[in-house]
């Protein structure tokens, strides 16, 4: 059994980790840690575990003291909060999957520019592995530190990577218009995320400034071996979970919808979690699963391709992908503990 | 492996059966049948199965021809539609769990009064077993035909049974005010269930006339060995799943909240699926699970007890309980394939 | 023109006051005050006023200094925060409508028991007038201080008053099961009111302990001239606005649904805002209006009557009723500025 | 008083017309007509009118017979259903505002291509006036037949017109990614619009094939005097009302966000209903109003501009704009009866 520790277990990504790992047939949760709820029984915060889980949250200091008991540490903290513990974990030979943003960007300058703080553990950035499994599988297998991708970058990169890899689109023409459920804003008490403020309304946010932009660009640049700059616009939709990414790009070749779909099917033919579907993706079909649904259409009138992808932001966009990474890092079957699907409604 | 057939597999209860049974370690789905979608691939209706389930819906006639291939038939059809097939199944030694209302009421007269049609298979009513597992476990084990309880009756009976069994309340004083998600209305195209008509609103319906009333009365009467008449009022809440039953009754003894809660804990002490919790039940904590959360409070000012129960109407209130019944009927561990819990958010 | 000041204008009841009074043909808003947003332009908080309202929020101290400029002060603050300003306003001859709870209960002891603090302006309680217009109209006309009813008490009292007035029900048998939208929880940043926590779920809260209980009891006791104790259970429903009160009581006479409905129609025959309707009330039909929809049913089986009422908690349950009170206090036509209706969807 | 008739009064746009016109100080509703609900009292369908509106729906034939009694006919029917009645109305000197799509496109060929049927009243297309008031005001004043714009085209054209008029963007670079509430799908009983199917999910639909595409292109082409082909992708969001259009285009000049915003402010400086706001548009701020909120941002990294606009699809996107057109056609102040604003929450 893989011994697991979880930091930030009461946030939305963290609670999803607990949910998945509790049922993972080859892992065992050694501790769960929470800054806000230290010393509180987990099932008092998340009543779905009532009578089923006895664990009490510990604090960061206690977590540090228990590093020797675990094989892997999952971190679901805000960026900038885990430089120390990551260092300590790695030094003790504990593998790390960080669901935060600290190890995703290769360049500490770009990190500083978009996140507004100095990176305090630059020396590890080179070896940190970007954990978008379908696009980076081999590297992950040997990684000690995996930077788990952001939710938007996961949907965006899976959507556009095949096009760039094959050189079918103009890299300068990419626009990603994404829609997210409110869990994406985290479990923080602020007025703008109240039910009453979000319900029955939709808005854009972070236009031309969202922190996932350089992460998407870095990943997609690796596909075509040139630096990409693109537009990414996130929106907040009145639903709990889900990301829908609608991606636009100019085709530089004449190709039909069917031909392109075949290329996607071929590209993802061995992937369990990526499905090229016939209908248009809806977040409900992947909600509660580690799946990514993709469909696309070529518009002959404008010679653009529109690719639409749907994921559950907390699973394939966070905790599910993190466990998928763990499976690879420990040489398990990649789908272990991740084969659950959406309840549909 | 238990061989299973499902009738009405594209309705909401039916699709939940498919969802559960697909992962049940000791069952195998032999056929799924649908009146509206015969000859359609199931994953074309429920895209959550895209690439994961190849089954094609068959029609009722084909289902009848396949009865010899199965051990148990689950029926999720409107009432009055399954008299024939139940008879045929039982005659061939196929066990039946009917999620509809046809075999719940012992009296064909009461059935006719509330459902407005003549019962066409009265002779089986005596042996049909009411499948509310926690309150009727032993009978179910040997049953060939189980009438799976309605969603409201499940929450209501689990809430009030211990009180009546112990004689703590006046049987004439019971009021059940229940709130349901919109899946309770089924997957039928009618204007009153459109998103735009239900969203951001709440209403009562079926006041003093809902068909679950005699079913609740029959079950609770069995607890106290006298005929109970009660008020039951269902409400429609803008959410997909869940039932919250708020139950009121006059205490005929002096007892504290804590004492009564201990009695409930004792009553349900061996039950995996019924949890007496400390906080007030919320449907989200049981959504997507077969659990029932219950809490109660004694109001010393009025000498009433208020019991609140929450279930997922499609699982503990339908498909989950149906599988719980199957587990009993086939001598499996009762929780087999049913240990999944809510994702919380 | 009636000169108006508003305290607490950025809370949900307060913003609804601004919305109504801005269009009231015979009132003029002199100042709007906000503790949290002093010195902020109102339209920067509520963007619906963008380009249409230039007012800047002032603080409480500035508001006090402007009392001489107004005829009436509306207060939409938490309880216990306005003893001082009410005294000052009354001393300067400014009429007051308090949307909070401080002047609703006649007994300072009951106030202390339920609100947990000493009343600091007891001497005014005698003359404070309970502003449930349809049941207390004449007193309001001459009042200087009106205690605007709570949202639940408004729906509950309008539902049950005629029954008690006519002596049709047993006063000890009353149960009120109410469902509210999330605006009822106010515009406060706490985790339990996040979109993600409320969405797709329903719960009860404050069972046998909600502060509106004694207020309802006081109002209904006045109808039958005896002290009533009752059960009141509020629930939180995932919608922004609306209260649905489902009220149960034992009839002490034999009467049909139609007869009773006629009595209600007669009781409310001159009321513009109370409609006895033929269908079952849904909050959407009154959302955004000052209307109260009521329907009822006699259950011959249990000899109980079930009365259902729907209001918009922020309008008839708060700001609309407050303006209705103002209209009376200033001898205007009662419906002035309040004839808008729900947009339905 | 302007005498008004309404066809299709029970659909969502139709009911919004009734809502607005009932309060319009200079209009009088002579008849309301409904195919599905002929001979039904309107307030039995829309209970918000209970006790306030006595009108009974008439059928199309009766409506034709009453043309002589009205000055203007509003039509809110599906496309292709009103060729006859429009002809008759115009012949009798009755002005017409058609909220459907039949008179929006100048070319009957394009109409046939996108709507799949032959236009049966081509001869009037030339004189039909496209009723996007802010961009076509003078023509509307003298029109007999106004084609009221679609909801998406209204938001899209208001967003992009100034850019094209000033020649700031490359006309080939336009992408419009729009999000709509479910009222946009109309009041039709189909399964895909059930609460349970839409709730907590988002999807794209009609990619590269939505019928509003040529309408947007026609309007924007008129701004820059060249034929525009663009991408338009609508999405369905779980909310009742509202459209958010996120529009992307490549700048062909160097200009800052502030400079461009000033140009928009100047372009719309005399418009009551179009507000260039400082925050990012959210549909809730315009829900229930005839307003359009716009903001924009220049992305220096990609040299694109992103313009975001929010409207209420049933008001500025349908009934409100229709009444705005009526006001112009009858020489009333343009804002008459349309100054109501959103209730915000």
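Should a chain be cited, it is by its letter among A, B, C and D, assigned in written order, with residues numbered from 1 in that chain.
Just so we're on the same page, a residue touches a chain if its C-beta (ideal position, glycine included) is under 8 Å from a C-beta of that chain, and two chains touch if they have at least 3 such contacts.
Protein identities per chain, from UniProt: A, B, C, D = N-acetyl-gamma-glutamyl-phosphate reductase.
Here the structure is a predicted model, which means the values were calculated and not measured.
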Contact-richer chain pair (by C-beta pairs counted) among A-B and B-C: B-C
Centroid-based (C-alpha) most distant chain relative to chain C: A
Inter-centroid spacing, chain C versus chain B (mean Cα positions, whole Å): 39
Centre distance in Å when chain A and chain C are each reduced to the mean of their C-alpha atoms: 46
Whole-Å gap separating chain A and chain B, where each centre is the average of the chain's CA atoms: 37
Sequence positions of chain B contacting 2 or more other chains: 12, 181, 183, 196-197, 199-200, 238-241, 282, 284, 345
Complex contact set, residues of chain B against chain A: 12, 15-16, 19, 23, 44, 46-52, 183, 199-200, 240-241, 275, 277-279, 282, 284-286, 288-289, 293, 340-345
Chain D residues within the chain B interface of the complex: 12, 181-183, 185, 187-191, 193-200, 238-240
Sites on chain A touched by chain D in the complex: 172, 175, 177, 179, 181, 196-197, 199-205, 207-208, 229-231, 233, 235, 237-242, 244, 246, 248, 280-284, 287, 297-299, 301-302, 304, 306, 308, 310, 345
